[in-house]
Every structure is written in structure tokens, then in C-alpha cells.
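Two complexes are shown next, each including chain A; its partner changes from chain B in the first to chain C in the second.
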Partner chain A sequence: MASEVNKKQLNNTCGGMDHKLHRRLFLQGSFAGAASVASFQSLFSVPAFAESAQARGKRCILLWLCGAPSQFETWDPKPKRPTGGPFSSIPTSLPGVHISELMPKTASIMDKLTVVRSMSTEPSEHFQAIDLLTRGEQPRPPFTRPVMGSVLAKYLGQLDCPVPQFVLLDPCPEGNEFRAFKASNWAGWLGAEYGPVRFGGPYKLENVTYPKGLDTQDHSDREALRSFLSKKFANDHKAAAVQSYNSVFERVRGLMKAAPLFDLNSLLEADRERYGPGTFGMHALLARHLIENGSTFVMVANGMPWDCHVLNHETHQMLVPELDRIIFHLVNDLTDRKMLDDTLVLIMGEFGRTPWLNEARGRDHYPKAWSMAMAGCGLKPGVVYGATDENGVAVSDQPLDQRRLFATIYKALGLDPHMAYDLPDFPPFNRVEQDAAPVDELLA
Partner chain B sequence: MRLMLSFQRSALLGCLTCLCSFAALGGEDILSTNVTSSIPVESNSPSVSTAWYAQPYGVDPAMVIDLALEASWRTHQLQPTAPADERVFLRRIYLDLIGRIPRPQETQSFLADTDVNKRILRIDALLQSEAHAVHLSEVLDAILIGRTDTEQLRRRTAAGWIDYLKRAIDQNRPWNEVARDALLARPSSPIDQGANWYLYARRDKPQEIAEAVSKDFFGVRIDCAQCHDHPLASEIKQQHYWGLVAFFNRSKNVDTPEGPAVSESAIGGFSEFSNLEGDSTPNELVFLGDRRVEETRPASGAKEEDRDELYVSSPGSTARVPKFSRREQFVERVLDGHPLLAKAMVNRLWAWMMGRGIVHPVDAIDSYHAPSHPELLDWLAGDFAASGYDVRRLLRSLARTRAYQLSSKEDAFVDPQWFSAAIVKPLTAEMLQRSMLVAFDPIEPSQWNSLEQRVMFSNAFPDVIAEESISNVTQGLLLTNGDSVNDLVSIKHSHFLQTLRDSKSSDASLIRLLFEALLNRPPDAEELVRCESFISSRPERRDQAIESAAWAIVSSAEFRFNH
Partner chain C sequence: MPIELEKIDRTSFPMGVMDLAVQRDGRAAFVGCMDGIYRCEFPTEDSPQDQVPLPICIGRHGSYVSGVALHLSKSSLISASYDGTIQIRNLAGDDTHANELKSGEGVQSVDGNEIAPWLSERVHGFWSWKMALSPDERWIASVTGQYLAGGEDYAPLPSPEPTVKVFESDTGRLVHAFDMLPSVQCVAFDSKSQHLAAGNLMGDLAVWNVISGEQRAQWRTPSFTSWGIIKSHCFIGGIHAIAFSPDNASLYAAGMGEMRDPMAGDGKQRWQRFDWQKTPVEKIQESVADQSGEGLMESLVFAPDGQHFVMAGRLRGGNWNVAIFATESGQLVGQAKTGMRITATQFSHDGQILYLAGMQGQPEPKDNQFPSFGYLERYRVKTTG
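Our next item is the complex of A and B:
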């Protein structure tokens, strides 16, 4: 039954030949009349067109470990060192590389992963760090840089796809600073149409069927009139709030079509068992499902459970095995479906945790030396980049900041890391600032 | 005296440089004649442009605000937008002050009014209406306690909280008294019993109380000082967090025959908090600004004994009142006259009217969030306190400022922090719902006015003075496909649409009436043609076409925002 649903959905999606043809026509048509489509101008300028043709079909899943996991209990164990904690390390499928014993499944697929052990960033508070590690730059008010998901939705995404291009799966609305961040303007200067569709927890998709007495045609005629009136107003009210309001209506029809994709019950029982019963696992599975069906960027969050100021080891003992299982199945599933080459998986939080323990046996915030992991699209698999010293206090080799990380990610996805945004009345902004270079050793 | 003189000169200058606009505003205060669409010419006398913050408290705040903002526009070389026209102005004050759009007849009477003081007269009339009290009580309820479910809203209402707020606004009770009522929770008369709900709603969780009190009455979020001194705003100490907790940690919810109440114990509530370095500190009674209350701590290990003589309240009473009451100490010695009490309310009401706080976001009045106009905020806070925390006077002043009455139309991106264009504000759930009801005039109002409907709307549109207004797809789906909206905007359920349909008027005049009722303005030529043809091209389904056109207008951004 469930596979029946899946098959039906696949016909609706954006990967097939029909779609590609349609999209090409669409692009050609619009390209000829680019001047009349002001808001899409930057997309249709020649270099951007070339770029998006090349990058088309590339996708990204971000497992957002909000609150910040400990590198010691995951990717960069320091067994038997004073800072190492109680867990040992285990060998992996990469000769000579060890990771925490809490991640045995992931250890068996290390040859598919690309791990950075030398992240080094500045902000040590959640909100500022979440902001930095999702947008790639420090804030510069009043200008709001888009988060990476919005960038990918715009420059990799498929304009005519009913499936939302940027989805935030977030079953848990809590988590002080993350909650505050979620209320901020994610799409920034790209415009609200590139903001996320949120789902999970309180974000249930309701009202996805036609109102009584309205057929499809009535429904879209009515919306066309609404959109005409509403955009007239938006023409002389440039506030992000107004844009954001109009953009949600543009999504309504697509969401009505795509609503079955968000139905957790339509996922195969066997898959659900593999990913585990928790909401994080279920939403990681749903992320795979959405990516398979046409989404470009899916961010899987789950409140901010990783903020282990108290009882770090016990908390990691609970959380890391779940993460281990999810990474293992997600990467394997994408491999089996031959999707890993086009799908980039990012696994990270906003910083790492202190080498030392506090009085509550917690580890505190530590941006100076931390780890993150990636897999898939455009990356060299089986690489462990950078290193920290014997106690994990400082980066000892190949430090990497968020700019170079972002440059690497964009390059891996086929995007020019330094593209200049076309923003009239704005100071010059680039996709990644200061010409930060992508890391060649990480790229395929 | 010198100040006043230079001030009059400034007004005079304004009149000379601009003989245009806003003669209609006139009379009430001299500065409103200075309203102009161009930046006033810089005067030779420096005191003209710099003296505003030296004005004594008690002068017209609208005047001070105008001078301060005009000075900042000059400094930043900004051209403010044109003044809002009469229709826009009217819609704006109706929404901000009584929470709904004006009815067509209210607009017509305003347009026809030739009184030069008609703007201020209408502002005053709205501020004195019962509708204002209802509206502002809803706003304050959402800020002070927050969105909730049907059951909680029922309890909140039954406890008298909503009525308390309504009466406080209706009688224009000083804000410091309202704060005192809510935080002391010992009503001097049974009629104020409802104020207890502010603390009672926190269900005996002193940390939740502390975080709410700090945000609501002091405009400061202290949540993250729970584990350490605030890392970004160094004046917010961990001891303030735990100090504020201590002021409320002897309190306990009780149910009395008079209603929900908050009892207080005379003993206990001593503990130590640890920072991340593991240092322990006793939780003394201290809060921001180092406002401190001395209290004798029992020796460590000593057991305190609860005795009747420690209480003012008679033995056996449910809501106990100790002789040394931490809550009482808090309102007497911390809350009373605390500079943040005035500042937080000024900043919040400013944000309510202007669309953004001088400190943004509104509950971040700390050293990390710089105010856009620090001297102005200080002046207004001082003046607000000196006025006896007069909320209505402040709202009235804000509504009369030039900045408030500017057009929101802008042709390029403008940094909102300078208030050189009116900022569009999303309607709150209640405003949206009430405006729809006023426009469509349902045949069965109770169907749309029910507690369930209110809660559904307020959960779908929870924001009140949000840091950023970001719409979500849930809202788009609700407005597009939701039963309640589609039913309300139907000829079957709406008096207004029935009358339109039955009026036998031309499609063009029907569209005009729709625009007047929903958007408070006539359609422009393009809109008229488009909407008219929408209806005329569907002769066989005319009813549905009328409903669809009405839906298209009511779900457009122009209806959704106060602009």
C-alpha cells in the first residue's frame, strides 16, 4: 500500500524527463523575455543560467545538530587523554582512522564520508553561532544574508516544482536560541519565496483540500486575482513581511499537490524501523523521501538537544547512537538509490564542546576546535581533513573557518562560491566573502 | 525659556519653508504645522536641532519625537515619505487603537469632516471607546501571558484576568499600578482579583515567573543568565536571574472562594546557584540595576520553623501573607521607580504604533542591543514616568507624530530603524478576525466569534510585535482553503455580500463597494477593470464570482497589514 503511494508520488515529481524538458522550455522562453521578469533577472543572466544548468539536480540534506554535539564523543575522540571522557575509540573502514565507540555503524562506512576535524570559528553563543553557520557570515544589519538553504533553493532549485524546494523538518519547536533564530528572516535578500516550508511538530499541513464548491479552475482563477491585487500592494511596500506573506500563497497549490509526501504514514514500515522511532530518525527518513521527490534542500532539526552543559557523557550516550544509526542508513540508502553522487549530506552543529568538563560534568561551548562531517555530491570520500592537538584543545593542522567550509560546499554542489549578488541599492555582497578558497583536498 | 523661544522659531521656520501640506492638522500643537514632505532647512541656531532632548518632561511628547526624528533624518540624509492620506491614516488608527478596520460610513464621515482638528479628535474618540479597552486588553494578554488553548483561555477569562486588563485600560490606570497588581497579586479590592492570574498562570514555576517578569515589565530577556552571566550584555548577571527567581519562589498557587490567588510562605527559598566554573553563590534578593533587598539568611544547616506569628494573614487562611513578603519587597523596592519599567513600556508602545521598537527587538533592552534613538528613548521614558505612567497619553502622542502619520509607500529599501517611512505591521489574529467580521457582517456572528474560532486564529497568527514578521504556509493554507474563512466570505453567511448581490447594482459599483468595505479606499482603474471582468465573465456563476473577488481582496497583503 505504501509503495503504491510512493509510486504515485514519484509521477508528481520534478526529476523526470518531462520535467527537464518543461524546465528547459521555461528557461528559454523566459530568457528571451528576461527584462520583463525583473525578479528573476539574476537567474537568467547568462553566467547564472550556465551555472544553474550545470548544477541542476544537485541536492542537499543538512542534519542540523543544534545545541552543538561534542567532537570528543563523535568524530575526534581522544581516548585516555585527560580531556577524552570515558568512551574509547574504534577503528573504521578507513585504515588508521578512529572515531568514537558510540558510532560503530558510521565507522563501517567512513570510506564514504568526508570529515573535518579542524573547524575553528568565532562566536561562542548559540544564536550568533547558528546565524554564522547557517548564513556563512557575521550579520551586517540592516542587510540579511540568506541561509544556505535559501541559496540552494534559489540557485539549484526548480521553480516550477510543486514540492517545496527548501524544507525545514523540525518536530520540536523548543530550544531557546534556536527558537529565536527560527523566527528570524531566513531567506534574507533573496526574498521570502526562498524561505523554508516548515513541517513537523506544530507545523502540520492542514487545509490541503479544495474548499467546498470550488473546482481547480475556480481555485486558481481566484488566486490569480488575489495575487494581482496583492502584488500591486507589494510593489510599493518592499518590507520582507509583505514579500513573505505573498510568497506563501505561491506555495499553496504546490503544497496541496505535495501534501501526501509529508505523510509519515506513507513511509515504508521497514524504513521507519531502520531509522528508529524518534522524531529525528523519522524526519531524516522523510528528508530522504523529499529529496527523492524533488526537494532541493532539507534541513532536519530537532530543537537543540545537544547543548550538554550538564552530564555531557550520559547525554551523548543517549544521542550519539541514534545519530550513528541515522547517518548509516541515510548514506547507505542514498548510495543504494544512486543518489549520493548528486546529494550532499551535511552533519553539523554550530560549534563544538570544551575539552574540559564543568562542575556539572557538562562540556560547554567551544568554537575554537571542533568537527563536522559530510558525504556525497562533489566531495572526495574517505577523507579526514585537519587535526586537533593531543588533548583537542586547539587545531594543530589545517584550520577551517566557516567561509572556506561554505566555499567548499558551494563548489561541491557546482555553484560559484564567490558569485556577486545582484542587489540594487545594496553594498556589494558575494555568496562567500573575502574570496575564501574552497578546500581542494575535500573536493572530488 | 530660551529653549521654548528657539523652539517656536523652529516651528516658524517650518511654516515658512513649507506652505503646503497638512493645514488640516493645524491647531492642536504647533509642531503639527511643521509636518512637511521635505526635510526642514537647517537653522543657524544649533539649539534648534539639538535642544529637543533638553525639553522638560511634560511638554508634548509628539513634538519632542518629531524634532528628534527629524534631526536623525538630517543626520542620516534620509528623505521621509509623504504624509499618509486621510483614508490611510484613518485605517491605521482604527487598527492600532481599536483593532479593526473602519466601516465605510466611518470613513465617509471622517472624509466629510471639515474640522481642522479632525485627526486628533478621532484619535481621542477611539482612545476613549470601549473597543479600545477590549482591543488593548487582547494585545496585552498576548504579550503578558501568551497564546493558549481553548481550555486555558476559558480559565483565564473566568479568573477575571481579561476583565481586569480591560478595566485597567478603560480607566487608564497608571502602568506602574498595573505592574504592581500583577506582581504583588494581593488585590486591595475584589474587583482587581483578576490580576492574580499573571503569576497564577505560571503554575508555581518561579523560573518561568522570573523570565516572564523580566521580559514583560523590564523589557529584558534574562533567560540565558540562568547558567552564567549574560555573555553579550555584561550588566545582566546570573545573580539577577536567581535573585528574581527568589523574589517569587515562596509563592504558591491557591484557590480561594474569591478566585485564584497566590499564597506566600514566610520561610524557605534559600539556595545557592552554580556558574559553569562551579562556583556557588547564594541567591540573594537582587535584580537588574543592583536593586537589592536585605534579608537574613538562616545559618547553613539550620532548620527554619514556620510559625503563625510570621504572618499578617490570619491563621488558617488559604492565601497567606507573610510579615516579610518577598513579593511585596519586590514591588516596593525593585519595581517601584525602576527606570526599565517605564522604558520597557515606552519601547513596547512605540513598537506597537511605529512597527518596531527604538530598541529592537522590544524585549532586549540591554547593552548588546543599541537603541536607534537612545536619547529619545530616555526622554520618553522619563516623561512617561513623570506623567504617572499614563498609557493613553503616550499612545495619543505617538499617534500624533509626523513619523506615525507618514506614508508606508517606499520605492526602494529603507532601513526601518530611522522611521522615515511608516512600517507595515501585520494585523494580530484578533485584528484580522475582527476586521473580517466587521466587513462581512455574518448572519450568525457567534459561529465566527466563538472561543474556538478565536483560539484557532490566534494559534495560526500568534505574533504580537514580533521581531520579524514571517508568514508561513500554514497561514496561506488556512486563508485559502480553511472552512471558517471560506464560509465567512460567502453569500450564504454574510449580510454584506448578500446585500451586494441583491443590490442589482452594476458590477463596477459592486467592486467599488467591496474595496470601500475591505480596503477603505476605491479601486484604481486597473483594479476596477480586472475585478469587474472577473465577475462579468462568470454570469452563470455570479454568486461564486462575487465571493471569489471578495476572497481575493480579503486575503491580499493590503488587508493583512496595517500600512
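Our next item is the complex of A and C:
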């Protein structure tokens, strides 16, 4: 039954070839000027063009481990060292590489992953670090750099796709500093239309059903008329406000069509059992589902559970096995669906945790030496990059900051890391600043 | 009658101390640390005043040593660890059990002052959170359980293995295995060695008859468990210490009260007393709110005369992290701030000395060396007024 539902959903989303046009191609192409006055139905149905765009389609899932997980209890264990904690390490499918014993499933697919053990960044407080690790650069008020999800939604997103291109799955409405960050401007200078659609927990898709007495055909006719007139008006008047107005309509219309995609209960029970039962796993499964159906960037968060200032090991013994299971199933599912080559999976928080324990059995914030992991699109699998010293206090080999990380991520996704934004009246801004070089050893 | 705690001395250990077993004569103690089992002798009246007790490592596990107990009649030391093993060492120096040494997991190479265990048995698939030896020294109880998400609200998944196990102390043979929802974080015998109690993350408590294995009581108190509202949706806290009253009629539980932010550690320092023999079990007493500060309480023990009990743990906010309560009234009658998180407490045989073990925060390394951060302190218990 669920699979039938999924098939029906696909017909409402971006499964069709004629919806696979790359947004950048559209903006740069000759269709741009004609868009508002040309036929407004099946605008991009040229099969050859659409197929080419589909080949370029890249997607990204960010498993956002907000609060910052301990590298010692995940990717960079230091067993038997004073800093090592109570867990041992286990061998992986990569000869000579060990990770925490809490990650046996992930250990079996380490040959598919790309792990960085030498992240070294500056901010040691959550808000600043979340800001840095989602945008890639320190703030420069009053200008607001877009987060990575907004960048990918704009430059990799699919035009006219009813499925939201940037989705934040976050069932925990609070989260201290993350809550504050969630209230900030995510899309920055790209504009609100590239901000995330938020879903999860108390966040439902509201007002996505037709009003009483209005059927699908009526609604479609009305929308077609509204869209035609609006585009004509916008073309005649060149007003930014009109464009924003149209964007809102487009988003609402898209959400109405895409709403069934967000129904967790419609997903296969077997899948839910594999990823669940926790909300993080369920939303990771939903991320896979959204990516399969046309979203470009899905960020899966779950509050700030990794901020273990108290009872670090006692909390990681629950959180890490859940993460382990999610990574294993997500990477394998994307592989089985032949999607991993086009889908980048990022697994990271905003920094790491201290080598030393505090009195409350916790580990505190530690940006100096930490780990993150990636898989898929454009990356070299089975690589462990960089290293820390024997106690995990400092990076001992190949330090990596957020600029080079972002440059690597953008390049892996087929984007120019150093593209200059076209921002009239702004100072010059690049996608990644200071010509930070991608890490060749991480790229396929 | 007010009680004062007068500090006598402090012994340092390289890593944090997790449990404590003091010799009956009070001359030495064995402590379970994050990095092994240590023995330390206390200075006597004849010792030079500047003598600092030097701990000696006598053995190791594969992970943190979470429990130690002295088996006096056999002159042996029992230890349990986060590696899921129980080890037994003969302290008398003979090799009675030498041929019985098993090559179980967690056995380390032995050198210097270390004593090889004659038994090393993997008894749990996960941590031994706590271990207890019955007062008659017949039984060892060890509790385990990994907290894994069992529902959308992150309620614990039932354990695939029994989480409460009882062994014969002489042989290590398993005699009982009981189920309790993970993680089971504390265990205690009554004074007659007839009953065993355990408490878990979710505030569940249970009492079993040690001989028959019959479960005598089971109940839940919601007062010690938090479900994260602010930062995360998961459970944290629970019951971290239990003790039977001297007459065995009551069971005491300790931990901390509810927190909105599970990462804050700011729950109320709390104990509760239950009439576990009543059906249904009834809470008959609890700590007075305005006598408590904030912080996780990890130890609760009775003075030998039964007139008082001590609860100790971490000070997050307030006036004390060690408090003495009158058993009958439940009122606070003594308190101290130790400047460290306390994981284990024990009275001397005569009740005149209180031993407190625990740790401060682990310092950053200096010159590539990690300073010590585990401590064992002795206090003189003085009745005043």
C-alpha cells in the first residue's frame, strides 16, 4: 500500500524529465527573458535539454549533529589514552583504520565514506560556530551570507519543481543557540525564496489542502491564470516585490503538491523500522525520500542533543548507535538506488568536544581538533584525511578549516568554489573566500 | 543533633575514582578508577606528618572500573568494569586460584605491583554500571543496560540480555538473571543478604528475593528522570544510588530532579524513601526541597549505627555536595562542599570516619602530562551541639 502511495507521489513531484532543468542553466540561458510572457505550461519540456540538466543534478543531505558530537566517541577514538573515555575502538573495512566501537555498522562501510579527522576552526560557542559551519565564513555585517543549503537550492535547484529545494527537518522546536540561529536569516543575500521549508515535530505543512468547494481542476485553472497575469505584470514592471510575491505563490503551490511527500506514515514500514524509531532516524529517512523526489538540499537536525556537558559517555552510548544505524542505511540505500554518485551526504556538527572531561562527566566545546564525515557525490571514498595527536589534543597532520571544507564540498557538487556573487552595491563576495583551495585528496 | 565533617586528608589518583572499598581496619582502601584498580594506605598516627599516601595500581580492566568490593573472608577483591567484565583477585598472596585464571576480555598484562585476577569473566554485553557484594559475601550483583532509542520519544529499548545478574562470589557462577529496562544504574543488597534492589534511568525500582529469585516489588518514581525539552529529545538522569534502610523495611533512592535542559545538570539534589513491602509500594519520605541545591547525587550510604545516612554527588548550585540526614526525620543535619564530584562514600567500621571518593574536572595536559584528577578524602564525623 505504501509503495502505491509513493508511486502516486512521484507523479506529483519532480520525477518527470521535463522538470529536471537546472536553475543555473535557466538563468543563464536564452529562455530567461521570455519566461514571463511565453507559454506558462510545460515551459521546459525539451527532452534533450532536460536530460542534460538531469545529468548535472546534484543533491545533498546534511546530517546536522547540532551541539557537536565527540570525535572520541565517533571518528577519532583514542582508546587507553587519558582522554579516550570508556569506549574501545574497532577495525573497519579500511585496513588499519579504527573508529569507535559504538559504530559497528558504519565500520563495515568505511570504504564508502570520506572522513576528516583534522578539522580545526575558531569559534567555541554554538551560535557562532553553527553560523560558521553552515555559511562557511565569519559574519561581515550588515551583509548576510547564505547558508550552504540556500546556495545549493539556488545553484543546483530545479526550476518550477513543486518540491521544496531546501528543507530543514527538525523535530525539536527549541535548542538554545540553535533555536536562535533558526530564527536568523538563512538565505541571506540570495533572498527568502532560497530559505528552508521547515518540517518535523510540531512543524507541519499548514494550509496545503484545497478550500472547501474547490477541486484540483479549479485550483489549477485559477493558478494558471494568476501565474500568467503575474508573470506578465512582472515582465512589464520589473519590480522585485512582484517577484517575491510570485515566489511565495510558487512555494505555497509547490507545498500543496508536495505535502504527501512529508507524510512519514506513507513511507514503507520496513524502511521506518530500519531508520527509526527515533525522530532523527525517521527524518533521515524522510530526507532520502525528499531527495529521491526532487529536493536538492535536506538538512536533518534534531535539536542540540550532542551538547554533552553532562554525562557525555552516558548520552553518546545512545546517540552514536542511532547515528551509526542511520549512516549505514542511508549510504547503502543511496548506493542501491544508484544515487550516491549524485548525492553528497555530510555528517557533521559545529565543532568537537574536549579531550578532557569536566566534573559533570561531560566534554565541553572544542573547535581546535575535531572530525566530520562525508560520502558520495564527487568525493573519493575510503579516505581518512588528517590526524590528531595521541591524545586528540591537537591536529598533527593536514589541518582543515571551514573554508577549505566548503571549497571541497562545492567542488564535489560541481560548483565553482570561488564564484563571485553578482551583488550590485555590495562589496565583492565569493562563494568561498580567500581562494581557499579544495582538498584534492578528498575529491574523486 | 548537628554533625560536622572535618577533613583529615586527601589522596590523589591519576584518573577519576568511581568506587571505593575501605579495609575494615581503616588502614587502606581499594578504589576503582577510570584507568584501573588502586590500593592506597592511609597514614597512621606514627606516620610523618608530611607523608602523602601513595596509591599503587594493582590491576586493570579494559575500561573504567565502576565497582570494587572487598571479599574479606576470602581475602579477595572483586571489581567490575565498563568493559562488562567482573574480575576477582586474591589479595592474600597465595596462588590458590592461579590455575583458574580465565582469559576473558579485559584482562591486561600484569606487571609490577599488579595482581593477576583468578577470575575474569565477561558477564554483560555492555557496561557494568554498578556492582555490589552481599553483606554475607555470598553474592555478587552487577547491573547493565545500554540506553538505545526504543520509540519516537526516545524511551529506552528493552535490553536483549538480562540487565540484573547475580553470581556466586566463590565461583563466579551465574545464579539469577533479571530483566529491567536499561540502563540499570545502581544495585544494593539488604543487610541480611536476602533481598536485592536495582534502579534505572527511567526511575524504575525493583526488589528481588536473592534465594528464590522471586520479584518482590516493582514500581516507578518519576522524580529523577528528565526528558529533554530544550536541547534534545531523550531521557537523562534516573536513579544513581539506592540503599536499604538498616531495618530493611525501606528502600532509599537518590539522583537528581527533573531538568528542562538535560545538558544542564541542574536537577534538584534528591532522595526518596519507599515502603517497598507495601502493596502498592508507597513513598513515605523525601528530601526537603529547601534543604537541597542542584546536582546529580550518586551515592547514598547509612552510618553503621543507622541513625544517619549520607547522600553525595555533584554540586551544580547550592550549599553542599555531601549531606548528612537524620534517618528518622529525614532532616539535613550536616553538610560539606568538597570541591569535587563524589561517586562513592563509605563509613569506617565505627562510623567515626567518612570516606569520600570522586573526581574534579580533568585538567588540560601540562608538558604533555595529564595532572591527577581523582581523589579520595577522609573526614572525621563530629557530633556537635
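Brief remarks follow.
We take it that the second predicted complex is superposed on the first by the 369 of 444 C-alpha atoms of A that agree within 3 Å, B and C clash if a C-alpha of one lies under 4 Å from a C-alpha of the other, contacts with A are read in each partner's own complex, and residues count from 1 in each chain.
Definition applied: contacts are C-beta pairs under 8 Å (C-beta built on N, C-alpha and C of every residue); 3 or more make two chains touch, one makes a residue touch a chain.
In this text, all values refer to a predicted model and were calculated from it rather than measured experimentally.
In the superposed model, A:391 makes contact with chain C only, not with chain B. Once chain A of one complex is fitted onto chain A of the other, the partner contacts of A:213 are limited to chain B, with no touch recorded for chain C. Look at A:309: by the touch rule set out above, it reaches both chain B and chain C. Shared-chain residue A:425: touches chain B; no touch with chain C.
In the superposed model, A:358 lies in contact with both chain B and chain C.
For chain A, the partner that touches more of its residues is B, with chain B and chain C as the two candidates.
By the document's definition of touching, neither partner reaches A:380: not chain B, not chain C. Using the contact criterion defined above for the overlaid structures, shared-chain residue A:232 touches chain B, although it does not reach chain C.
When both complexes are overlaid on chain A, the residue A:105 reaches neither chain B nor chain C. Touch criterion met: A:174 reaches chain C, while chain B stays clear of it.
In the superposition on chain A, the residues of chain A touched by chain B in one structure and by chain C in the other are 176, 309, 358-360, 362. Residues of chain B touching chain A in their complex: 223-224, 227, 231-232, 274, 276-278, 408-417, 423-424, 426, 466-478, 480-483, 486, 526-527, 530-531, 534, 544, 548-549, 551-553, 555-558, 560-561, 563. The residues of chain C lying in touch with chain A in their complex are 14-16, 34-35, 62-64, 82-83, 126-127, 146-152, 154, 183, 228-234, 236, 261-265, 296, 314, 316, 340-341, 359-365, 370. Chain A contributes residues 67, 82-83, 86-88, 171-172, 174-176, 276-279, 281-282, 302-311, 314-315, 317-319, 321-322, 356-362, 391, 393 to its touches with chain C in the complex.
Within the complex formed with chain B, the chain A residues making contact are 124-125, 128, 142, 164, 176-177, 180, 183-186, 192, 195, 197-198, 203-214, 218, 221-223, 225-226, 228-230, 232-234, 236-242, 244-249, 251-252, 255-256, 309, 358-360, 362, 364, 424-426.
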